[in-house]
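Two complexes, one shared chain (subunit A), two partners (subunit B, subunit C).
Moving on, here comes the complex of A and B:
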């Protein structure tokens, strides 16, 4: 085969491969958005938008928080994301508020740092003690869940003033302020990418041995991935506080599995190495739109899990068959 | 420039290196030679920082190097291209090329990174390789080019090429060696490991040989030819060998295994042959030259590219063509896999349970297991292989040798007519090895056909009735017991089937 023919064709395959999983979730999201608008014509109206955004942001940030650990490979997974949302919420309400730390510029960074610290603990055990991520983060899950109930056995109906401010909006409802937290999360990710850290995480998740022999400090990168995920979970915890405008120990843990589902829906490889945050964000949007569609149709909320699960299975099946087809095509081109 | 002195490294009870020394001068291409298990690859791993040596020292440019990780040795200027193609398939070519280097994250360096990557890739490959596509979209040869380009981009003081050219075609190999030579003329140096004798002879300035983890000699380029190199690698001293006392004369026995027009890969030479009852056949070759694949074809674990394997184990020599593993097993074949830990044993179970797993049905009457029957059967086979460990002990707590005995006896319990073994004496102590040889010989005397892949020259010479030597995916030489000498075997390993002595029959 000659170079002149082979190279452009190969490039085309290379570009198509990472995009096709995203294509599925884009189509699904668009359809769901239209369906929501049909069922609820005022779905994106300014009076409803802030509430809608508030509901979406914690899930979106939780999905983002699950991305780095999964991307780092080696069975990477952070189950403790959900309870971490919860503990951040409770620390903000039950510890920082009574201590007088209610100013946004103090308590918000503290909450993000708390998230990063818990993520760092997970990361240290996974990367340096080399235990299985699923077991380690299940442990942290239980510890955080228990701690949250110890700190706040009953929901507390007060929230710091910044939470009330963030639930407001600008431009008469068109620009909900809760989206600022999502923007902050995206900026954090972009920063990590600019520093080359995301590429290192992908390298480690793609082939840890290749990364190691190339001189990458594999342990350190994995550690950093969990810490980054923790920081994003901290932001998600703030968004949760904005949403419930109170402290509640029982809400957070529900986000763990939804976050993993969003990442899978978004087309990221759960084995690591492949994907970014765009897919998981769209995945979170899909889950969210399904939920609002079902509630608009007055379907019992008990059915939501069933539908979420079915959509997830279907999307993952479609993604993997697209991946297989692309792989075959690439192989055929190389062979021919 | 680089001096390695007295390096030793043991993995558990196995001594991979005991006294390896090496000196490489600036501007020099040194070839490191050795058989399988001679410690070559361990020495490479020590140089690259993947493995920490137990003893010995490394000195680079007068400064001692204490390799703790590949990162350290890379920073010191020792850059290794490994035998396996180590790439991060999901990253782009450009990211792979700069992965782990100091300039990887510098955004200001971006344009320079692209330019340098382009430059090095173009030096190596006549076909342009796109920088922004994922490496997973490239074929193996292009991936290998990426790995080599990554190494060259680091401007190595010492470039270590461990079988790095095996997937490259002739053009690329020549381009690479020209580039290596150019870098050496500028003051770098290269350590070069290859299983192709012609390549070694063409490119190296000096030859260093390892045997049994010890540096046993070196030769300058002048005066070195294939024959002297083989002698250097294999060792001239006639080792006191254990010669089998069995009579080889099975000529009248019936044929049990038939191979016709078998090609392991589309490019390999077809192989025809028959194996009779009671024969012990050895499969040999340097790692990755097709002997493993051949054995798997026999076992039905892999489909050959062409041709077929027939087991004549039925009554009156009725044959079964091997299509898959299950069917081969049913026709009386048993296969002892190479990797005990991952393929052979269920570690937490007792050795009695491990022994009975595939033959559980024989202990059952009406679907219920008979404990006494099982124990009696175990005793019989444990005695046969001289396994003394208590039956209730978990297999992980046994020594490697005893584990191997459990596995071998497990497959013997099926009373196979063809027994295939994939390097069964690897990591097994000397005494157990001898015991296993005895077991295999007794089996052969009882009429079992044995085909065994081995990486040990001693046992190939001492145990086998015939040895098939593989090179480049084909059977390159067949040595009868009378012809099998150390020198001839090693010579055949390097593809010199007829070169050194000129008398073997080469198919």
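Moving on, here comes the complex of A and C:
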């Protein structure tokens, strides 16, 4: 019995698994990129790059939007990210435009604020009323999804002018402007890190009690994490508007599960406390590349879901084993 | 009295959605509203042309085809592909992006397209068919269309799941020199050619046929599809327009049958329980005829005159059995619909120059026992909910008619006869 347990352990060491969860994703992403280029040689051609970037950016930002709530621990999770993308899209098209608020410098900040406000509501209920995040955000999911249909029962075909501008590109196609939204999201994250907020969220997520005894205001940090996620979801909603160049109540909700999957793929601990945004961004890229590869191979959409699910399960298994080793090493260092 | 009752009901039932749909057609020749039109009932059951609006000059078409655009819910403009010619001389690769695969209409369309591509492959006109399905996921469908553009297909035929969300990717296709043809789902992009059935006109013809057969006198019920669905709203608008011309027709009300036999039966039973008056005619949106007949039989009332806007095989079998002379039907079968879209795609690639951004047809009205006799096949059963093929001689946009929609039409090899 003891020998049977010992052998696989030794083998696992012999496989030389990459030390960091991120390394696995980097390798997988690179392989998928090559596969895509083999199947579709024009995949990154300058005339196609803006369209490809447009498809990727909402998913990437939605994945980023899911990061802070998960990182904050305590079962943290924001299911309402998808419908929030949808509601931002609809507010931009059906409320801000008729009110004449079409200028980028007005409507873009308003949309980000709207996202932050919805995130703050989630955060307030989770952090101060202390309800289960999964139930709270499921409630918000349903409210936003219903509200989207009430505000826009049928798709509307005009988007603000900034959406058309952002769907363009510079340098003859090599620099798609939609990536500006992704850059804005990253800047927001960098700002939060510089201010020390991300460290606080990690501290709360890995051990809320220890953080509390060190003087961290756990509730306030969690509240802030959901609000930050909401603001990022607001940016994702803008990216969605760029993609569909119109308002459509049915498009947003599909992003929720893809976003959570991207976070898990990226190697962030779903129990909180560990991870950043580089992993989830790569996770989103992996999901995106898988989907475009399957699309290019004309695989049935029904299989796409099966493949997504399998990849997610495999990623979570690999990452949890790496995470456990990282955890053991950290414990050993502390012990030493 | 009755007239004001129905117009108020109509205004409520149609709701904002139809208003939005129709507001795009700020056009000339709009029929005067309900009360003025046919106050004497002299034009009951008659069709009159309502221009759809837009920049297209429909007078270039023969009258019969021009009438197919009457009351179309979207404006019709000059096509962006009028001077287009594919950079390839063929054989062409065709991309087909479907948003849903779960019903017999979509399955029939895909099967027929595969057959069409195979037929033209032998003629050296087509090469491959790249078919994808998005299972109602818009983002995935955009990605699939994007993949087709990357792959360099020559033309894309699509049933997009949204009238607007695809406009950006459609423009990308246009920039890549790939014409984009939609089937039965109009999009607002100027860079698409929409091959579509005119549901407003279909509703108007079917209800007009019923009203005429009833001699312009009697009580009618409207059975809708799914409230809020564009096709259902358009059909409803058509029914209302036709009945408005007949002051003797009293619309008792509308029920929502959801294009389902069982739902229709339940909804009809509920409605009949509170409406003891005689019912002379019932119009429905397709797949609902049997439900109407069963409900009437169950409460022991005589069967009404039936108008069916898109009958399935089972409905036609039931009509032949009990109401062979008391029905009016129009059908929009998948075979001819996809044939039309496919032909438009090939002709556009060859540089034949499509005139308009919408190729719209109103399926011909079929009535009478003789037509039903040649339409219903012996192997059909009353329980079949499969979409019926077109009635012989009443095809939707047959190949011979399609040439008129192009500036320099050239004949294409014939497609195989529909099964």
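In this section, the second predicted complex is superposed on the first by the 304 of 336 C-alpha atoms of A that agree within 3 Å, B and C clash if a C-alpha of one lies under 4 Å from a C-alpha of the other, contacts with A are read in each partner's own complex, and residues count from 1 in each chain.
Operating definition for what follows: a contact is a pair of C-beta atoms (placed from the backbone, for glycine too) under 8 Å apart; a residue touches a chain by one contact, two chains touch by 3 or more.
As the structure is a computational prediction, the values presented were derived from the model and not from experiment.
When the shared chain is aligned, subunit B comes close enough to touch A:196, but subunit C does not. Once chain A of one complex is fitted onto chain A of the other, the partner contacts of A:274 are limited to subunit B, with no touch recorded for subunit C. Residue contacts after overlaying the shared chain place A:157 against subunit C, while subunit B stays out of touching range.
By the document's definition of touching, of the two partners only subunit C reaches A:247; subunit B does not.
By the touch criterion defined above, A:309 lies against neither subunit B nor subunit C after alignment on the C-alpha atoms of chain A.
In the superposition on chain A, no contact is made by A:109 with either subunit B or subunit C. Contacts of A:301 after superposition: subunit C is touched, whereas subunit B is not reached. Of the two partner chains placed by superposition, only subunit C is touched by A:51; subunit B is not. Looking at the shared chain after the overlay, A:146 reaches neither subunit B nor subunit C.
No residue of subunit A lies at the contact with subunit B in one complex and also at the contact with subunit C in the other. Here subunit A touches subunit C in the complex through residues 40, 42-43, 47-48, 51-52, 54-55, 58, 153-157, 167, 243-248, 250-251, 254-255, 291-292, 295-296, 298, 300-302, 304, going by the rule given at the top.
Across the interface of their complex, subunit A is touched by residues 48, 50, 69-71, 74-75, 80, 82, 86-91, 95-96, 99-101, 104-105, 107, 126-130, 132-134, 136-139, 150 of subunit B. Across the interface of their complex, subunit B is touched by residues 3, 6-7, 10-11, 13-15, 17-18, 194-197, 199-200, 202-203, 205-207, 209-217, 269, 273-274, 330, 334 of subunit A. Residues 16-17, 20, 130-135, 137-140, 142-144, 146-147, 149-152, 161-169, 172, 175-176, 188, 228, 230 of subunit C are the ones touching subunit A in the complex.
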